[in-house]
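Just below sit the structures, each encoded as structure tokens.
In the two complexes below, subunit A is the common chain; its partner is subunit B in one and subunit C in the other.
Up next, the complex of A and B:
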């Protein structure tokens, strides 16, 4: 079922087009199962009025780690075509050491698997790297970016936008409010990260991966994983 | 720089201990073959703006070192310069370090960079405690960047984290309105079976459905027993997040881990 790249028609898409595709919630990657911790957060004391701040706080913490991992994976996949798995193992170990919550590591692998299924079919050249074992979502995203041609700046923005939109979609289900307001929160959050895009997009070494932690986000991830009567898996 | 180094002596004699005093003064409490117990005493008013405290700890192969802080640390309001608190630890093959610390209080207008680096050999154990408190009583607290980097000698990472906390700018999802973050870290022991289920049980009883202020405070206070996060590699972190040290602490888990580390150090 995997079409070899010599048979597949040459297809060139702009980085912006690919980023739009991957950030589109209509992409059948299964990302709708996540609220990015919002559901547990709301039950554990986060006020509905704080959700915009929550989106921004994510930009200065977990999004830096995720975007950094995607950018470094993209670099490794492009720079070390012969020993890519070894390099990605090192990156994954650094990512895991910065992700102390087992629930967060688990959901990243689950979302990575959903994205990897799409990646292997649409960009067959990724199959060799994506097929052997499950990898966390940011690393899968970085591999796809390397093969499909998404630039590092767009990749950082894609991770940020996706993170905020995930919270936005969840808040409309959990604490329904004016969706237009929520949309402006997404852009506010993305604007928070904009100043870091250049720094993050230049990362190449796994050891340089940002380690900006967020203790409550990690706590809520654990709460969410065993939450009774939950709407979201994460 | 304050130095604490312990190494094995020949022929079963008490461990060789090397101590260097600086802003913090190490005192030998006791020692025996392959093991030492050190108390760490503040030499003056620490931590003022511009102060740089640096502590180097070396645990020789097969040795056990227990460090006990005498009293907590207050980082006082900065006059413009940040204060630095740097801890550099090496635990040799088969070595054990247990470091029992007191709260680290970040007063209003204090600016602190705190760094803890641990390099560990095979079959080593490191058991550390870090209690960060934003503000003295009635204060919101200053700003601290606290980083932790724990790796094997060959560079393989166990736990890497950089926390940026600012009492003046609370962030939902980071500490929210809480002022205390109590953390214990155990690296080198497989804690998955011992600790993970207990933390899941507690979760079930801690659900809060209403977002009223009282419930929110309760939700924070409930966190006092701590939540165990089992790391991807060889260890775990337990955390409690809350409004005050008496309400948010990981004492019970810390005692269990500490006993386990000290037992394994006597093997």
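Up next, the complex of A and C:
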């Protein structure tokens, strides 16, 4: 039982507040170690002037997989409280099949573990699901969303915003430029995904998870994982 | 996180200080001096590489798997202070894999004079300076120098080559720390290693007795406020607490 647990006192926060909290880089989840592959991309020839395009490209590819996984995890946690682990196992297998890079799966697990630490303390009803084993970040997010009360639309936007802002923060370290410009790139990238929010937020079945990975992003993730003298882990 | 009461888990000891002052060597010294008596694990934080972990593994002072590296590249300060997630995860995993451990040493990514550990990550911390960094560094102060649980002035065997008066440097440090412990250390000086060993075992006993509470050295160095009397030095570690000393007039 994770949604209607009576063990923990119910704390009511608006979906928007929760999404802001979870998307905030100041959240102590250890997420500052990732550049979402940007560091490897820049070393492999991505021009600093193309970073806005990179953010948008992610929106039409890997972000759809991540956001879809989060939405489906949210649905499963709410709809199958008694067999949630089995359902999440199926979802994780579908997510892994659409995330062929071992490096991408590994960083998703590491970031998921950081988020799960927070989840178990702030929303104790998630502990039963989050404690047994590490899960990738989008699935952890979905479980938290189910327990804390983040709507599916906000959840999709949260994944998208976090993805773009991770690249933005990294580019300001790797190829510093006008930070206000970079901020506008984040909004442009999020706008790219806005048309898909409705479709993604209605997903419920693990098999329906979008298969929209990007081979170059997968490749950069692998390059990043063995990059000498790297600043970012991913 | 749900976890054992602090006294029932390992003592988590941070080692901070500028690049090249000998943090890794100090950890190797501690392992050599104590690995036969207590169960030790090590977490290193490197900025670009896992150099420190590799150095310690190759020193052969500990089972290589008990030395784990975490990557903090972009934000070495953050990883030991405001978002300790990656370090805490590594410490807990190490403690779980080798339960029970007595001591986990966490080496900071060598950075500068301002980086100190959060009490959420470590129970106590050592700040390391070395004579070759200059005899005046201890006088310059900073949160680690002034308020770490122990200040080490390392590489005293080099003092004669770099023209530093160790006694003076230790004196300056003791003054900056208002009497807090300062240890002049050299890996060639057995008496100094014995003192380090003694300090650590005493701390471990206090920790096990549940009588040790972690102190935060504070986020910033004491700084100077100008006023009509010429100003005073002000520190931030005692906000709200009664002062047991007069602010130094300068």
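We take it that the second predicted complex is superposed on the first by the 225 of 234 C-alpha atoms of A that agree within 3 Å, B and C clash if a C-alpha of one lies under 4 Å from a C-alpha of the other, contacts with A are read in each partner's own complex, and residues count from 1 in each chain.
Just so it is clear, a residue touches a chain if its C-beta (ideal position, glycine included) is under 8 Å from a C-beta of that chain, and two chains touch if they have at least 3 such contacts.
Predicted, not measured: the structure shown is a model, and the values here were computed from it.
Once chain A of one complex is fitted onto chain A of the other, the partner contacts of A:223 are limited to subunit B, with no touch recorded for subunit C. Contact with subunit B, but none with subunit C, is seen for A:211 once the two complexes are overlaid on the shared chain. By the document's definition of touching, of the two partners only subunit B reaches A:98; subunit C does not.
Of the two partner chains placed by superposition, A:144 touches none, neither subunit B nor subunit C. A simple residue count on subunit A separates subunit B from subunit C, and the partner touching more is B. Once chain A of one complex is fitted onto chain A of the other, the partner contacts of A:135 are absent, as it touches neither subunit B nor subunit C. Of the two partner chains, neither subunit B nor subunit C is touched by A:67. Of the two partner chains placed by the overlay, neither subunit B nor subunit C lies in contact with A:158. The interface of subunit A with subunit B overlaps its interface with subunit C at residues 228.
Contact residues of subunit C toward subunit A in the complex are 1-2, 48-49, 71-75, 78-79, 82-86, 88-89. Across the interface of their complex, subunit A is touched by residues 147, 149-150, 155-164, 171-176, 178, 181, 196, 199-200, 203-204, 206-209, 211, 215-216, 219-220, 223, 227, 229-233, 237, 239, 241 of subunit B. Those residues of subunit A whose C-beta lies close enough to touch subunit C in the complex are 28-30, 32-33, 35, 113-114, 117, 120-121, 170, 173, 228-233.
Residue ranges on subunit A touching subunit B, taken from their complex, read 37, 41-48, 50, 53-54, 56-58, 60-61, 93-94, 96-102, 105, 207, 210-220, 222-223, 226-228.
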